[in-house]
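Order of writing sets the chain letters: A, B, C and D. Residues in each chain are counted from 1.
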Amino acid sequence: MPKTSFLNPFKAIKYLFEKPQTLKYPFETKEIADRYRGFHKNDWDKCTGCGNCADICPNKAITMVEIPELPNKPEEGKKNKRPQLDYGRCCFCGLCVDICPPGSLTLTKDFLHIHFDKKTFTFIPKDEKLNKETYKAEKEYSIFTASLSQRKEYYDGFSPDIRYALFKPDRIEMPEIEPDERKLSFIEQVIGYDKEQAKEEAGRCLECKLCEEACPAHLKISDYIDAIYRDDPKESLEIIYEDNPIPSICGRICMAHCEDACSLHIRGDSLAIRWLKRYAADQIKNFKEELELKPGKPTGKKVAIIGAGPSGLSLAYFLRLQGHDVVVYDELSGGGGIIRIGPPTYRLPLDAIDKDVQYIESLGVKFKFNTKVGRDIGFEKLLNDYNAVFMGIGNTISFSTRVKNSEKCTLALDFLKDNKIGKQRKVTKNIIIIGGGNVAMDVARESIRLQHIQFPEQQVITKIVSLEGWDQLPATKTEIEEAKEEGIRFNPSWGPKEVVLDDDGNIRGLLCKKVKSVFDEQGRFSPTFYENEEKFLEGTMIIEAIGQRADFSFLPEKLFKRLEFTDRKKIKVDANGMTSIPGVFAGGDIVNINMDAVTAIADAKVAAEGINKFLNYD
Amino acid sequence: MRELELFFGPQHLGMVGNFSITLKVEGDRILKADANPGFLHRGFEKLMENRTWMQNFPLVCRINVVEPDHMELIYSMAVEKLAGIEVPERGKFIRSIYCEMARVGSHLFGLWAYANMLGFDTVAHWAMYHRDLLLDLFEELTGARVYHIYLRPGGVRRDFPDGFTDRLVETLHKIGGKVPDYNATFFENSIFKKRAEGIGTVTREEAIRMGAVGHTIKATGMKYDIRKIEPYDAYDQVDFDIPVRTGGDAYSRLLTIRDDMIESVHMIFKLIDKMPKSGEVYTKTPNPFKWTIPEGEAYVRCESSRGELGLYIVSNGGEKPYRVHFNTPSYNHGLTVLEKALVGESVSDVGNIMISLYVVAPEIDR
Amino acid sequence: MEELKKKLLAYFTDLTIQIHDDYRMCINTQKETVVSLLNYLKNMGYEHFALLSCIDWIDKGEFELIYILSAYMEVCDKYQEKEQGIIIIKARISRDDAKVISVINVFENAEPYERELHEMFGIKFEGHPRLTPLMLEREYEIPPFRKDFDTLKYVDNTFGKIPSIEERKANYERT
Amino acid sequence: MDRNQISKWFKNPGKMANKYSFHVVYFCTGCGIIEIPPSITTRWDAERFGIIPVATPRQANLFLITGYVSTKTLKAIIRTYEQMPEPKYTVAFGSCPINGGMYYDSYNTITSLDKYIPVDGYIAGCMPRPEAIFIGVTHLWKLIDMDKADGYKRYRRDYKFYRANQEQLFKELGWPPLFKDASL
């Protein structure tokens, strides 16, 4: 025990002569720490309105309020909702900053707000760019007047940091077959998630539901992904089947508008929604035994559907669930329509299509394959025999470039169709593909496979010529990447001028001219060229993949004249999906401009309701 | 002399925290003390049942305002145990350093309260000033002065800022350099000794009988410390001692607190030396909106600045805890030990004994 | 721990004991046995009564009482395995007739815990000298920690129903 | 002190004296109390602003409601507030007295304080820093200058409504009304 004395305390007297420790606040202020968690700031340009901050807030201090003057673009993953803060609730924990997927919410070093009115404690955070009156420059800022409406600009404290975010920004890598291996055969490129990978990927979903609004068919995405996370693929598939009857197909070739809208993709990779759908569909081996869907009570109404593509299949399914008798006519030998002939086997095997079609068939939908309307059965007969007719015929005729000697070229759809459901085409060692869309990519990648199969171990060349430049290419980024990986060469911003033939009349190459611009000022397609800048590409086979159009030859002329079209050469339909001919409905590629499977499903949903109304009205 | 009933607190200068004791006194001798807690009762354990695993983490620290950090630690430990999450090595060291900083800060606050209570204003001012220096460091590290919300299940929320350890060492040297002055003016002050010695004595048998932990039991000579008994985080990788005294009275308890503080400062230096220079500071936990923890129960304990802190947590496999129950050190001290220790003492020593037992009211009420 | 388990099983008949690898021993027993079991364990050196808790298993209509014991040090400056041990004793009682014998006579510091559980769950501890409210002052129809007590509804009905001064004034002036 | 201040001192010495010497009730109502010791000690030194804690409400004119208010504490707060001599000012601290804060769904904490006693100012934050306390005090000075810090006047004027609210919460308050016309 140390010595104690009552004189000891007087040692403290020495502090009388030291510098005082007191901070002379407010004349002398203390630097606020860089990570200080003060009031919120929100970058409205970055904010997507996803509402994750409101969901994670332990105190329900954040509510999402609609800002009418902001654009509402759910298809781009941007809602016009912004967080509103209640500082009568907020505990400044910063969980909202750590969960914010775009990283727009920041906590600043501002902390002064003193007021006698409680209502001033609720406010909508903005940032300096939007709100110049609130954010003062350092000179104008004074701590005596500082409040929520008098803040210092660029005074960030606790900021979002992707390394410490509460969500996982990186996607689980999809196992794929390597480019060198896959270009040798038509084996399916994507292997598919296994259970653990699917669960982990599904676990990344933040349930903000931006994707559901972006999806044309409005699938309940977060619900079915949650079911996968809970390791219940059956429930997941049941949820998918509420809105989408072709999950095996969509799980492979959907354009995945949802993934573009996913809030995770701003600072990381978007959730692999499509692959998860595919996982759910693949896990269930036999849809008929596992799913407990039943057709509705028979209504006695009959509907004919022309074309067994995505819109036709979906409509058949939706109407069958209502209890109508549905007959689907298609000229091909199986279901799927354009999907059956278009996407190559390495992307969409026939088994996957048949799995979906067979399930729809098992519900009682009658399919009449190999039956072409107009050839085997008249359209007028359908109109007489059935209560309603739906046209989901799709675009089945390829355009030609119509340059000199272009009749020697091969058309894309014929090429794809023969390869997929017919006899493999003979190819040459040097192929030129004209076009920059997804069909062109399919054609190119299919060609390189055929070349490798038909000329094993030999030097082969496949090149793409497209009007559009690199950043304008209409094909998806992954497609372009994968095509590059497989060794396809690109020649963007070149337009075909002439197909050059040799003396025997065989193709020798393609003469190209440089593109000046592709679209005019209104954004319409009207390419212009530098006529004198030319390039010659060698090649012994040319495939044209520059677009498709619909074949309306089955329609009697009288009816065709009554059919109205829009400015963009699409069939005009009303809110019920009905064309200008009563009782004739339409959907799919001939109606919408997206021209993909999921939009076709959305059309089918509209038409199903319209047909239902139409039939009950009769 | 006539017996009378005296309400002591909650609004009373001699009361620390929002707490109340009903005293039965004769003259100024206390015959019977009846603790009356609940002024700060918020029903934490019920609130936590209504929040998800991640949302609970800003909430738990509010149980004890003097030292929120060990509350975060115990919750994180419990969740890690239930969910089977491992903390990375650097994360463990940061946690330990952070908890020891919190211990020093909490002891300084206790010192302030004790000195203020007995009228040693000089010491009280020093202690508060030094605690404020630590709070500056906390602010730099975590972004807030008091509620740090820094330890999260899986590790810590952010890494140390650049040069943080240097500033920490500098500040601790500054505080450590003042220890002789503290000794001279407070601990070795005969006036203080007169006020504290022989007051509120709790013998070892009594302490064991009443379930005392922390300084109350350390002041009776037992080195009962969870950091040694059941080492967590990085405590098994450093060498440290548990200071004990044998008196069992308020003075011994205060000296134990002082020694513990000094030991903590030394431990921080050792931890900084041993800490891995780089590496992950946290393990990624599942998506907070989907985080479910498998069915099970866990009882974890750690050594907070006031003694053994336990948490019993039950999960029914859902997104939220099914039941949580905090075993806080102040609960035993404030409701059992205090009632016994006050009997026979003078009314003027109520605050004195209460603080020496380190009773923190919000921790009792939860 | 294994030794203790053998001894306990020899002494008591209605126990199921699990030992987890982290020195946690979990004993399931009947509510009648609790007092004698605690007494026995106290004599075995598990003198620290760490926690008395209760879980409301509303689906099964039962309360589960949790008694947690640990040991103080036998030798003051030597750490042994025994201190690491934590014994969790569980006993179920019916939810409708929540009664159990108090353990105050064994562990003195169980007193506030039992008071709190009485208040928060409505469990009656027989033999407890003062089962007066500890934390709460207000009366609640359902003890608040029971699972069927909805806090948000309660808050809306109690605090939410109280008008602000302006509202009350306006109401008063209208009538 | 500028000339303006001096003329104010001559005009209304009582108000000025009142304003520059806040005696704070020493009552730890919630967790916000943790920032009071730093404010009143050396580092921040609240005495420069004329703030000093006093032991009893009878000597105090400023009541800092520091943080959440449980129902049990509210009773004590009302009693303490009623014991304070006029003029008296209340400043509520942090999120909780405004709209419930962290404990918005707790069965034992009230959600808004101004239903039970008048509040002259709110300070945002959880918890507010010592700086915020001082700036809060300067704001209170301004309010007193403008005669807007009239909480105690409102309490006197609307006492029956306050009392009615208090009685609705507590059923039985346990002490007689402070002013005479207490029943609605």
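Methods note: a residue touches a chain if its C-beta (ideal position, glycine included) is under 8 Å from a C-beta of that chain, and two chains touch if they have at least 3 such contacts.
A quick note: this is a predicted structure, and the numbers were derived from the prediction, not measured.
The chain with its Cα centre farthest from the Cα centre of subunit B is A. Centroids built from CA atoms put subunit C at 23 Å from subunit B. Averaged C-alpha coordinates give centres for subunit B and subunit D that are 30 Å from one another.
With each centre defined as the average position of its C-alpha atoms, the distance from subunit C to subunit D rounds to 39 Å. Inter-chain centre distance (subunit A to subunit C, centres taken as mean C-alpha positions): 54 Å. Shared interface positions of subunit C, defined as residues touching 2 or more other chains, are 135-137, 144, 149, 151-152.
The multi-chain contact residues of subunit A, meaning those touching 2 or more other chains, are 21, 58, 91-92.
Residue numbers of subunit B whose C-beta contacts span two or more other chains: 38, 41, 43, 46-47, 50, 58-59, 62, 129, 147, 365.
Taken together, the touching pairs give a contact graph of some other shape, not a line, ring, star or complete one.
Every pair of chains meeting the contact definition is listed here: A-B, A-D, B-C, B-D, C-D.
On the side of subunit C, the complex with subunit D involves touching residues 135-138, 140, 144, 149, 151-152, 154-155, 158-165, 168-169, 172.
Taken together, the subunit D residues at the contact with subunit C in this complex read 71-72, 75, 100, 104-108, 110-112, 114-115, 118, 154, 158, 161-162, 164-165, 168-170, 184. The touching residues of subunit B, when paired with subunit D in their complex, are 10-13, 16-18, 38-43, 46-47, 50, 58-59, 62, 65-66, 109, 112, 116, 124-126, 128-129, 131-132, 135, 145-147, 361-362, 365.
If you check the complex, the residues on subunit B that touch subunit A are 51, 54-59, 62, 122, 129, 136, 139-144, 147, 149, 157-158, 161, 181, 183-191, 193, 282, 284-290.
Listed in rising order, the residues of subunit D touching subunit A in the complex are 42-45, 48, 95, 98-102, 104, 112, 114, 119-126, 128-132, 134-136, 138-139, 143, 148-149.
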